[in-house]
Amino acid sequence: MSCWTGQYKDVQLLDNEFIIFSGPCSLESQQQVETQLSELNTNFVRAGIYKLRTEASSFQGLRSDGIELIKNLKKKYSFQFVSEVVSDSSAEALSKVVDYFQVGTRNMYNYELLKTLNSYNKPVILKRGFSATIKEWISAANYIDDAENRVILCERGVRSFEGSYRNMLDLNAVAYLKAHTNFKVIVDPSHGTGRKELILPLAKASLAVGADGIMIEAHPSPKDALSDKEQALNHQELKNIIDEMKILSPLFGKKVVY
Amino acid sequence: MSCWTGQYKDVQLLDNEFIIFSGPCSLESQQQVETQLSELNTNFVRAGIYKLRTEASSFQGLRSDGIELIKNLKKKYSFQFVSEVVSDSSAEALSKVVDYFQVGTRNMYNYELLKTLNSYNKPVILKRGFSATIKEWISAANYIDDAENRVILCERGVRSFEGSYRNMLDLNAVAYLKAHTNFKVIVDPSHGTGRKELILPLAKASLAVGADGIMIEAHPSPKDALSDKEQALNHQELKNIIDEMKILSPLFGKKVVY
Amino acid sequence: MSCWTGQYKDVQLLDNEFIIFSGPCSLESQQQVETQLSELNTNFVRAGIYKLRTEASSFQGLRSDGIELIKNLKKKYSFQFVSEVVSDSSAEALSKVVDYFQVGTRNMYNYELLKTLNSYNKPVILKRGFSATIKEWISAANYIDDAENRVILCERGVRSFEGSYRNMLDLNAVAYLKAHTNFKVIVDPSHGTGRKELILPLAKASLAVGADGIMIEAHPSPKDALSDKEQALNHQELKNIIDEMKILSPLFGKKVVY
Amino acid sequence: MSCWTGQYKDVQLLDNEFIIFSGPCSLESQQQVETQLSELNTNFVRAGIYKLRTEASSFQGLRSDGIELIKNLKKKYSFQFVSEVVSDSSAEALSKVVDYFQVGTRNMYNYELLKTLNSYNKPVILKRGFSATIKEWISAANYIDDAENRVILCERGVRSFEGSYRNMLDLNAVAYLKAHTNFKVIVDPSHGTGRKELILPLAKASLAVGADGIMIEAHPSPKDALSDKEQALNHQELKNIIDEMKILSPLFGKKVVY
């Protein structure tokens, strides 16, 4: 899309764009990303390098090796990269390779981390906490300077009593934020449902409700993914979503970028 | 749409239809319905005659006077009528005038009432309980004979921690039910948000996610409504939603009926 | 306790009493109740005769046979009986044998049923709806005439995101109701936890927080129970709870009746 | 209680103790703590020095000035001090003055911070996240080495649909943890209710359900508190809770330390 010059305003979404971020839960190898870039021609890649895992014994990400891996890829390919920041030191390391910082659900209330991000001149994708109110979410975003221009809020489902899916995607929140604030708002139907067969219908609903984009978990071979394998789409399934969004978006006054 | 012959199968939705039920929370007068029929030319009218109100002192509906009122209207106009059943005696009275029974949120678990409805050969719109699981909702529907052909499930928002809107509309549930059952599923974005400015975006999202229709609360003069005035749309706003659904529905393989 | 003369005021709790209702989820046989009366010497027996079951195919209660069974037992034994009312006709039938009507969680919002109970001069135990607010709960109680003297509110756990137990017992609600209303309030730790090993500690907590009593599910042989077998205590376990409550209650200014 | 030698095992609770931590939400002045120490003779003082506030514009704590203030107080008085850690740098600063680290609700999922605390040989009070499952809570605790001996879990209420109080205190969780793990578990009825009149009854219930202690918010002059003034008790009210706990605890096999 836009040419990255180191200023957060250069990478912001336009009002008439519908952005699709996609990629694996965890960065695992150079080939994994190259496959996505070549097969899908995506410009917006999301992959986790520092992972926050519920279990201390789960895979915690490639960490510094992952930073080097993305540096190398950026020499060969042109793409914008998003990755989750989990601490001050990961922010510093990631700042060399990301175009957008992502702050995950578990850190939405981590205001010290949010303040740290003000040192870097980059946009921030701020996921909603597991059961954060909209008011708290906006307040968290406001720990970032110039928040409405710099923070992209990402609805990813909230915790509920319902056990048929992993989280309950709250599209009311998207409509509310678009009606009452100037924030860009995207939706993560992968985490927001946790079930493959629900991702496409909820992606469509996200477009229809007025979201500015979606974030989709995909992996060249989901069954081999080191994390979240049950909700990752393969590249064909991801391509199908991108194609559907291309067909539907004009009716909602949007142009898909991905 | 279809010609009512007294059999529930005659009034069922077709797979390629997107039905819009609309009307006031409470039936208040003959003129109120006539205004809707003439101004909007709607075929599917929903209005409450027996009201379940949280406060015993609130307006409890026109009751037997309402039955007479609809009988008179049906002599003059052709339309299908939906109203909420709240007891065995109301079921008997309503059976003379409704084409669809509605079972409200507060009665989803009232299995004795659901069993009673088997005595009448009519389709049933079954709203989801305030925090009913999908499994419980389907189990309740199965108290009705031939449920998948006769019951239309209506998602109307669930209870949550979020205070920015009245309920949290659960479109995951709609996608889940369409993927895993043969039930028709409609959405009530009026109760599902409780805020006027959110109804249109969530109506669009309901279409996009795969719902078979929506139910919209409207009143000729919302400020004078005897119940739920804060979420009722006026007729111009309702017409706007119908028009938008007409434009969007072909892209989702549906034809609007209203 | 008190001598039943057919007036609801005769069976009310005194301020310094802590009442323990106990018995099986479903009435199954005369011997089942006789065993409890003889083994535990209980005066307050709760057993379901008309059952509201999530699945239409589950055991729906002994119904009219159960009414006869209790009539016979009342000729031989002196005890107060509580059973759940699920419809107008069950109210009429139960009125011959119950000293307290119970309105279950699924019917808290069934205002037509609550209004019907005004025809009978009996106290009503009103369980909280699955996710009813305290305000709604009180409003429902107020459909009963002279509610604060006649309705005993029963906290039985609310729906939550937590999967380690069946419901989340809300003792805040008990403290709130005791501080701000004149209602008697009891607690059902059997449904409120759904796990045997949690019933005793939550029974103690109920006493400590200021509740006026508890309701405990017990069965002579839990593994053979026709419903809710996973949370039913055997008679020895029930006796243990009664004994513990007897020891603790004086410190909280209460005397146990059971 | 125990003599602090710099090892976390020296400050652990004994099985028969019921500990009462108390103090202000925010440390504001030396006099504020001295008043508590002299008026109430408390040994376990909790006060916030680094504050995580929803609004960036709210008081963020005394920070480095607060560290000096506690250092000075510790020269004059003997007491154990608890304060919340919010980042790596605050952990380093606080390590000079705290006997227990507190990890707040907003940071329960901040695993990087939890890992950092392994560098300090101190016990950790880990509050439950706003809607964390028990499983997630235990998993978070296990980011701390030797967790069951070193981490004290603190239940502080979860998010719910109920608006009559700030949070819903989950005493089921306390009973569950005591039945199924070896963790010490305390309860914070101040945050767990957010209403002054509910704190005492829920403190009693916490003791009765089997908790190992409570944490109470108190301030010499609540109306002047810089944060959470609506739930802070004054010293007389705190003394009343301590006295009640002293009376009740022997019946539950516990001895109060405070």
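In order of appearance the chains are A, B, C and D, and numbering begins at 1 in each one.
Criterion: contacts are C-beta pairs under 8 Å (C-beta built on N, C-alpha and C of every residue); 3 or more make two chains touch, one makes a residue touch a chain.
Computed from a predicted model, the values in this text were never measured in an experiment.
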item: Furthest chain, CA centroid comparison against chain C; value: A
item: C-D against B-D, pair bridged by the larger set of C-beta contacts; value: C-D
item: Centre distance in Å when chain C and chain D are each reduced to the mean of their C-alpha atoms; value: 36
item: Length of the line joining the C-alpha centres of chain B and chain D, rounded to whole Å; value: 49
item: Per-residue overlap in chain A, given as positions that touch at least 2 other chains; value: 131, 135, 159-161, 163
item: Of all residues in chain C, those that touch chain D in their complex; value: 131, 133-135, 157-158, 160-165, 168-176, 178-179, 192-193, 195, 197-198, 201-202, 204-210, 247-248, 251-252
item: Chain A-touching residues of chain D, taken from the complex the two chains share; value: 52-56, 86-88, 90, 105-107, 109-113, 129-132, 135-136, 139-140, 142-143, 159
item: Residues of chain A touching chain C in the complex; value: 131, 159-161, 163
